[in-house]
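Structures for review follow.
What follows is a pair of complexes built around chain A, which joins chain B in one and chain C in the other.
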Partner chain A sequence: MPQRLLGLPLVLPALAVIAFLFILPLILSAVGAFQVEGAFGWGNFTKAFDLYSKDIVFTVVIITLSTVLIGIASIAIGGYLTLGEHPVAVAILRWLYRWPMFIPFIVVGQILRTFLAKNGMMNNAFINLGLLTPIDAQSFLDWRGIVIAFVWKQTPFVALLVAGAMASVNRDTIEAARNLGASRLRVLIEILVPQVAMTLTVGLILSFVTMMSVLSVPLMINAQTPTMITADIAFRVNSYGDYGVANALGIISLVLASSVAWIYLRASLKERA
Partner chain B sequence: MERDGFLELRGIASRYGSNEVLSDIDLSIAKGEFVALLGSSGCGKTTLLRLLAGFISPSAGQVKVRHRDVTHLPPDKRGMALVFQSYALWPHMTVAQNIGYGLKLKGVSRAGIASRVAAMQSLLGLEGLELRKPAALSGGQRQRVALGRALAIDPEILLLDEPLSNLDARIRLTVRHELRALQKRLGITAIHVTHDREEAMVMADRIVILNGGKIAQAGTPEEVYNRPASAFVAAFMGAENVLSLNGAPEGGEFAIEAGPASAAGSVPLAGRPLTAGPVEARFRPEAARLFAESEVAVIGPGITFKGEVAAVSYPGGHWRHVVRLGQAEVMADAGHAFEPGTRVAVHVPAESLFLFNSPSAAPASTVSRAPTGRVYA
Partner chain C sequence: MTASVMAASRNPLAALWWVPRGVVFGLMAFFIFGPLFNMLLWTVAEKWYFPYSLPLEYGFGSWAKVFAPRGGAVESLTNSLVVALLTVVVSLALAIPAGYALARLKLPLRGLILLAFLIPQAFPNLTVYVNVARIFYEIGLNGTIPGVVLVHVSHGLVYAVWIATAAFSAIDVELEQAARNIGAGAMRTFLDVTLPLAAPGLMASAIFVFLESLDEFTGSYFVGAPDVNMLPLLLYTAGAGGNYQIASITALLLLVPSILFMLIVERFLKADVLSRVGH
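For the complex of A and B:
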């Protein structure tokens, strides 16, 4: 056997794992999405859109809103870590902000369920402080709960990337702006953020895709309609054994996620050009 | 030196933790003056510049501009603009945006910014580059953009932090003169940090030599070159040859005793506060004159050493000899080469022989000790 072919058996196990555990199931579900009672057709998709178009819009809106809020929060955290002048406050924030990253989504859902419910910890605290009367207390266990859960869980991850990128920005570029009279907010918006824009985009896209695939948070927090696509997929499979519509919904999520990835790819190509 | 005190530093000290980076800095700079802060790495020169710019606060002392205390004012309220060693151009902005940013911060109108940016571009020879990003510029162009950005806001004082050290050697030579001519034309006060002796000599009206966070000497280039105030300054200004001699003042002269390798001699005191005892003698290789031992003649006041050529090289323009004088070795230049092994006499004229009372019998270290810890230089 020629020597260059020797490499092939070496990569074969890894290749096999990818082929049989990732690519094959993906192709099978894609094919399954177009199969209606043994024949090919758009039936699953029309059914998915008829039943769940509201949920698809709901998913896109919730995740887009969460992504925007995550972006703002992580810029604020990274900015304070980079530009903050109070060393103790910076040290405390640096120590604190990463913790949610190590908490699984299902636990986040559980925590926020007890925290945001109508008679949950948040409302109880407000009532005890006299800021809220029991009559006015309302549950946040709807779309707002999902957004809060996503932002709380995903901000540390993006902030970690953004703060790292900001720390590696040439400090002189910050001081040059300060020297010319830029306030710290202007330095953040006009000098720091543009220099870490690519890292921020990557972080937000990874976050977007992660949030697209979370099942536990909508199930724990928002057990009503409209809900997120993941909950619908679980419902189709578990309650009806309807893999066709579930696969169609999966393809729709995949298209949504990859459209965001496409934006990223285009931006990175433009930057390199 | 008493000046009209446009920019004044009084008793400035700066510490980083328990480490004193600067102490007892007193300096008065006139309007339109070009001052070079010269020193080796870690001497505190960049710290002093950053302190002037307002990025760090002194632990003691005052900074005054036109008799106004600016010690604790923020960087932009001091009328100073800093050009960074790394240029610190904003990579996401074009040349025009970089130059115009300071004006934008000041709320200048769009048209006002455009005309000022155009003026800066023509002043600095950056025409046609306004839409380029810094990554698409050469080192020299970047340096000029950084300069344009600082000058655009029309500062009273221009602070330059080794702005030439990232340019290649040939461009650096022309930029020195361009920068100096520009400073004269604009009549701007400039403070230039450098570790390059020649750069400081060529560009500055006055050189301030820093050593270990203190001013070792301040004076015109000619003063610090020909009348160094200390052994450190002499060494830093190129008088690297060092010998230990003994002598005593006699009237207006300083009489030097004969040593194992030298004949007795005497040099005018010329106001130097030398006392009897061991002295450290320093001179530059190019100030020494080299003769074959046989043909030595009396050439005037100074001192003559006898030794043997140990090595010879040609750095260009003259031959450089390493001459062994007993235990010590010195460098001496001559118009023609002496073969290694030749017995020679090295004559150092009185005006080129720098004498300092040695703090101890051993000659002082020629290099300043960098303080440990984080210092900017």
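For the complex of A and C:
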């Protein structure tokens, strides 16, 4: 066997798992999306848009808003970790921000459901502090709850990547700008963020795709309409055995996710050119 | 520390900065630990209803209920652990040869192969699991432990392969060459030199895969339920039924390994391995 082919049999079993358990079902779902009672057609997509166009818009808005908030929060955290001048404050933040990272989505859904409810701990704490009257207390278990859950869970991951990238930015430039009188906020926005833009984008795209496929958070925090596409897919399959519309919705979410990835690819190609 | 104390003594106003810092950190801590503390309260709440902001009675009654023979937790916990361990074994059995080949041997299209393992993480996977469940149903794998393990392996493989590749490429090639020079065969060198040196990295990838499997909900929901009960499914059904005590205890069981891992991950995942992940 030629030397460069020696490695292939070692890699093939692992690749076969991906091919049979992921790529094949992905192709099946694309085929199934266009199959209406044995014939090919757009029927599933018309039905999906008729029934769920509101949910599709809702999903895009929720995930876009969450992505923006995650981006802002992780820039703020990474920026403070890099530019913060008080070592104790930096250490406190470094210890604090990571906690939600490894908490599973299903647990996030459960604990935020009890925390954000109308009589949940958040409202209770505000009422006991006198910041809120019991009559004004409202439940956050709607679109806001989903956004809060996504930001809560995904920010540490993106912040970790961004802080790592910021730490490797050349300190001399930062010191020079500071010595010339630039404020820390200005250094963050005009020097640090542009230099870590690529890492930030990668982290945000990974988060975007993750949020596109999370089923447990919408099911647990907001299962009424309008809800997210993932909850609709589960409902179509479990209640009607309707794989056609479920697959069409799956393809729609796939197109949404890949369009984001495409924007990234174009940006990175432009940067290299 | 000393520098900051000096700065503070130079400028007494600097201490005032702790007011905004305290407010921001306090709010962050409230939003991060509040939900977790709320969950802990639920696990020991015997009686807790509106409008009381704290439980009226505390006790471990729900724990007894959850771990009673018919409570379902013991079965779910066992299933979850068995599936997670099998997922680790299968993933590592696939990832160790693959990682070694990707790190050490000349492979055509190496970059593409590495990228292929990322596919299950980079596409919304819900629709894929729906179709996997259909395929498994036809071949009798749906609702079985091997079926769930296979789904978890496809999802966890990216950690296993990427970290294993990084762990193998962080090892000094000269150590292997030295073993070969004094007469050890390729297999012997791999088992006695390469594998022990890569062990911490492989351990880290095993933990990642274990947690990924333990916490996985969507795949278990479509492929496992209702025949194979797992902890995340128990959490979901208990929560959907409004039984917050049982849901919170299950959540705690899922949380402990994740938090433990966060505290020890840096011991296994050294910077030299970490910097090579994905390369």
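Remarks
By our rule, the second predicted complex is superposed on the first by the 262 of 273 C-alpha atoms of A that agree within 3 Å, B and C clash if a C-alpha of one lies under 4 Å from a C-alpha of the other, contacts with A are read in each partner's own complex, and residues count from 1 in each chain.
As a working rule, contacts are C-beta pairs under 8 Å (C-beta built on N, C-alpha and C of every residue); 3 or more make two chains touch, one makes a residue touch a chain.
In this text the structure is predicted, and so the values were computed from the model without any measurement.
When both complexes are overlaid on chain A, chain B and chain C end up sitting side by side without clashing. By the touch criterion stated above, A:Ile233 is placed in contact with chain C alone, chain B being left untouched.
In the superposition on chain A, A:Trp152 contacts chain C only, with no contact to chain B. Look at A:Gln195: by the touch rule set out above, it reaches chain B but stays clear of chain C. Once the two complexes are overlaid on the shared chain, A:Glu175 sits against chain B while remaining clear of chain C. Residue contacts after overlaying the shared chain place A:Phe22 against chain C, while chain B stays out of touching range.
One of chain B and chain C touches more residues of chain A, and that partner is C.
Annotation: superposed on chain A, chain B and chain C show a minimal Cα-Cα gap of 8 Å. Considering their complex, residues 170, 172-173, 175-182, 186, 190-191, 194-195, 197 of chain A touch chain B. Partner chain A is touched in their complex by these residues of chain B: 53-55, 74-77, 80-82, 84-92, 101-102, 105-106, 149, 153. Taken in their complex, chain A has these residues touching chain C: 3-8, 10-11, 13-15, 17-18, 21-26, 28-29, 32, 86-89, 92-93, 96-107, 109-115, 119-122, 124-125, 127-128, 134, 152, 206, 209-210, 212-216, 219-220, 230, 233-234, 237, 243, 246-247, 249-251, 253-254, 257, 261. Those residues of chain C whose C-beta lies close enough to touch chain A in the complex are 1, 3-4, 17, 21, 25, 28-39, 41-42, 50-51, 53, 94-95, 97-98, 100-102, 105-108, 113, 116-117, 119-132, 134-135, 150-151, 153-154, 157, 161, 211, 214-215, 217-218, 221-222, 232, 235-236, 239-240, 244, 247-248, 251, 254-255, 258-259, 261-262.
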